[in-house]
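Heads up: the structure comes next, in structure tokens.
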């Protein structure tokens, strides 16, 4: 059986909190990995990510999937949700914004491996997808497809 | 033709039984592998797994898929079903709970290879998936995708 | 052939504009109906509507479909998009918010008939849908289903 | 614009609570209808309802959809979720359980109209669905299909 | 709350039984309707019904959906499953077989309303579906589509 | 139980036969209706109907669905399949060909009600569908949708 | 084996005609109805209709479905395809353009009944659908859904 | 062009035959491979395989897909169908039954490569899949996925 | 408005050619590859291929996908379509017929690489698929799946 | 955090522009890569690409997906959209047109890797797909499938 998780350091859990004003407000937190010797994958899906276009101020939307293999830490899920919500009124290009999230989570966890897929909603009829991983995954780990269908227009 | 399975040791089969109180009550049983020399995969799907959140006591739900290549033993299917049902009133984190199941089945069967995929239902709009395998599968075995689509939000 | 649309009165078209601060800033505009004697239906779909929860300040998301049969006016589509975007930082209950949109568009257009379907994303695993129409549609008009599948959980 | 909702009477909101022991523990609460003069439909979906079989003690699962047209009251959504969770360790037949929920919500709200669809997961390969409504819906209201596909076996 | 179901008369429940030799062996049983005053629909789905062709002796397969509105009785689900299994080695034409089931269940329950849809698997590339109901359903009852897609060939 | 079908008059059954040269070769046959007093629907699906274009000689393809409510006769299914195959080298317009089939079957059976849906494959990117029924169906009969999705181009 | 094709001679291939310059060039033609006494529906689908926005000159795309019940005439399908292609470089609002097509075909055929559904691709994330019919369809005719799913954004 | 197949030895073809009593009755036959030098794959799909549970006598159902690369022989398709039908009244465990089929076909054909996927319908809500292949497929051969989706419960 | 089309003159429309009598009539043609130095894949899909069974004379149907990487030549698409149509009244086994097409196209083009997938419609409920390629594809080329789902029976 | 993008050189952004007359009018522009040291993939989808057939002048349609790994530059998305629109009145073969786009974008960006998939709509019932990439992708990069289903005809 796994060791009970130490939750004494968590500050976001157990009370309602508003949205952070922007992505530079520190909210990301971590908990110890309960099975540190096993190469398993944790997947988070944020289907309604939203930020602003830096040129026009119009809202942008994306479906984001984050996969990682933990080393010593797991990301605490409510703090990750708050961090993603902090982009709501922040302007950033699609390509820049996607990689910023990956770098921030990577710096917190120093995981064995990490990747991000960002599936942006179309503006002007032509969407952009962005895909990045920290390198080839470790031998013997199992990493399923993210399974998000590409955009098909109206058809 | 295969050898008839020896079922004299089975204690769960043939009478109705209630749910075990928790995952530490031993219910898992095994039967001899009828084709011990062939590297074939057995897949179980438990589409309505349920446990409790260790922090809030709220129910959690997952769709769980277990794949393994047997060595000398098969897991008896009704006892596996009972074992999974024993998590119904047990509190455990998603990551810990998933790997506990894999370790318990692995200890019973010492299979050639085993993997688990746990697809947890969203809490707060952002689900968690957990993927683990015991290592790279043996050469020449055929292991299809688990085929569970990632969460897509409402869309 | 239809009469050319008179676009002299439109103020949103042709220059980039930021988001209105809230739904009370007037942005909705209308253009003359090019086929005033025909009972046809116009459908708008806003798949990424977002507002704030009035109790917790957390973001809410909805997929909204608006159908109407015009009398003398059409709603100008860019102004409708801006109006819906004005809910981005506005707190309102699901039921109230949905009917507010219907009433605002109805007051602008006094259409022959109007309905709204709001398909809210789940919070806590249980979504809310809201459906309203101004009354039975006129005889002989053709009104297809909105075709949005109800929430299915993870399965 | 709608009147602000009076939330002073709500007792479940704002603090974490465990599961009620059974469906007789009163948790259902109501809030005033913000648009009392309009015949609109509110839909709740509980995709992971679970209770126990009264004969064998085995867990049962259902996907439940509840539609209603409010008169003076809305059901408060968190209390409805708690009420449904209270069936977790309660034994009841499919047909009885489904109608009990409908009657309980109906007694609280005295709505203009109400229906329930319960889509039970198969036991022994043959599922049961239960459908009930309080009568024909009022003229001119719009009531979309619940859109839950019948069971198809493995195919 | 509903009255507890009287299960003393049930003979199939609680012990394993083999398949009845043919549909004339009486196995269908009934239990009292727990909500006799409400016009609700109960749906059974038998996705793997099988019988034999009366001319060639080859196996036939069908997906069968049975809907009814109970009067005083519910059909006991395990006995219905056994009754349907009794066609396994019985020869009968598609049209005759489908209506025989409807008539047998109707004679047992004298329900308010009953219908059957039988979706036969193709022989020679061209399937047969059979649809029957006992008459128009009662006013105000809710009767969803059976939702079985017609055969599409290979495409 | 239904009366055994009298199959003595059937000439197509029980031996392999080639394709009829054209639709004027008489092959359609009928068998007595085993449940003559019940208004049930029989559906045939011919997913790979093929004929020739009368102008260019190129092959045309259609997916055809035939629904009817029998009076005294059922159409014998193998003879219907042969009749449909007889169009393989026959030239006919889409609209004419579809209604010819309906009229031929109608003349053989004089059914209570009959309809045909013909879903022709696209030529030049724009398909033609043809829909006809003999009149409004009888009160109280149950007639499901044919459920063939309209053409969507490549999308 | 054949020799390589010399494509120099192919520019006259089939004496194909170019696109009409605009919708006012008369190309629509009609042929006699082969079954004038029967109320059947003919459906055309044009999945890649394209025109220009009258304000910005940008291309617009739509999926268009046209249904009608012929009186004395059928529309000749190649001429209808050419007519729809003539909108390629023509500027027109969505609502106006859709009804213009319906009126032009209606004037040519004076059909018993006609409807048009136009499903426009999104500009700025929010599509427009337009639905019109000439009135309630005649009693007893069969008119299936057009079956085009509403826009769902990226999800 | 390929050599005409020698069909003189086939005994099942051309006359109607009943079902073999059990899998030990020899019915499997083979025909010469018309393209013996090419590594191509032949796939058979038996979507309605049925056998009996060796413990309870209840019917089991599976969807079975068989892929092989022929060496000198093809399996004759009608005889394979009869062989699979012979399990109809035969009791066998899922794992044993699946591998028995693979071994029987392999012994008849001594193919270059062979695999079997058996997708068993759920009993007690938790299905079993079995996957086996004779080894890694030969270099340069093309072997598509079997494409059968795993079980998802009701959802 | 245009005058009704006189269809007497249409029999010469476009100098369309009839179908070749059988696959030995040479119709396949080729055009020069416009990008001879680039390893790209060209895919043709023939969704309605039809031939005759060599034993019974009944029609067979297949969905065929042909992929190749050109060297010096492309196949001319209209001639390929005519070649495939020439099998309409030709008898051939599934396995033989599929490989004949691949060999004929390969002889004309001597392509860098070629593969064929033939997805035959079921006869007697059990379909056959045939897959072949000329060898492993060249390094660095991109070859997507053919994406044709295997047969699923009725389910 | 990423460096702000320098947008001073962009000429297409911020004012409405008409369509370029043909693909030789230079409109493609580029912006600096904000994360130049990371091997990530950018995907554009153009679901409604249209050009003209060089032989007949008829319109052709394609769904185009472009994937690349940037080196020093990103393509500016509005200029790419304009470039693709410039093919609207330009005649080109499918194979030639697809590769022209790939070469033009490649020359502007000199990316680490690039591929294009063009899924052309059927003419005469048989579509063409074209697939090309600049070579094998770099080790450790993550490149999801383009996920566009092949053509299936009407089925």
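Per-chain residue numbering starts at 1, and chain names A, B, C, D, E, F, G, H, I and J are given in the order in which the chains are listed.
Definition applied: contacts are C-beta pairs under 8 Å (C-beta built on N, C-alpha and C of every residue); 3 or more make two chains touch, one makes a residue touch a chain.
From a predicted model like this one, the values you see are computed outputs, not experimental measurements.
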| remark: Top of the farthest list for chain B, CA-centroid basis, is G
| said: For the identical-sequence pair chain A and chain H, what's the CA-based rotation angle in degrees, nearest 5? | reply: 145
| message | As a quick test, compute the distance in whole Å between the mean CA positions of chain A and chain F. | response | 55
| note | Averaging C-alpha coordinates per chain, one finds the centres of chain G and chain J separated by a number of Å equal to 29
| request: Could you give the separation in Å between the centres of chain G and chain H, each centre being the mean of its C-alpha atoms? | output: 48
| said: Which positions in chain B are in touch with at least two other chains? | reply: 14, 16, 47-48, 61, 63, 121-125, 127, 145-146, 151-155
| request: Quick one: which bits of chain D touch chain C in the complex? Just the residue numbers, please. | output: 1-2, 5, 7, 13, 33-35, 38-48, 63, 65, 74, 77-78, 80-81, 139-148
| field | chain B - residues contacting chain A, complex | value | 24, 54-55, 92-93, 95-96, 98-100, 115, 117, 122-133, 135-136, 145-146, 149-155
| query | What residues on chain H touch chain E, complex-wise? | reply | 16, 18-19, 47-48, 50, 56-59, 61, 85, 88-89, 121
| note | Within the complex, chain F is touched by chain J residues 47, 61, 63, 119-125, 127, 151, 153-155
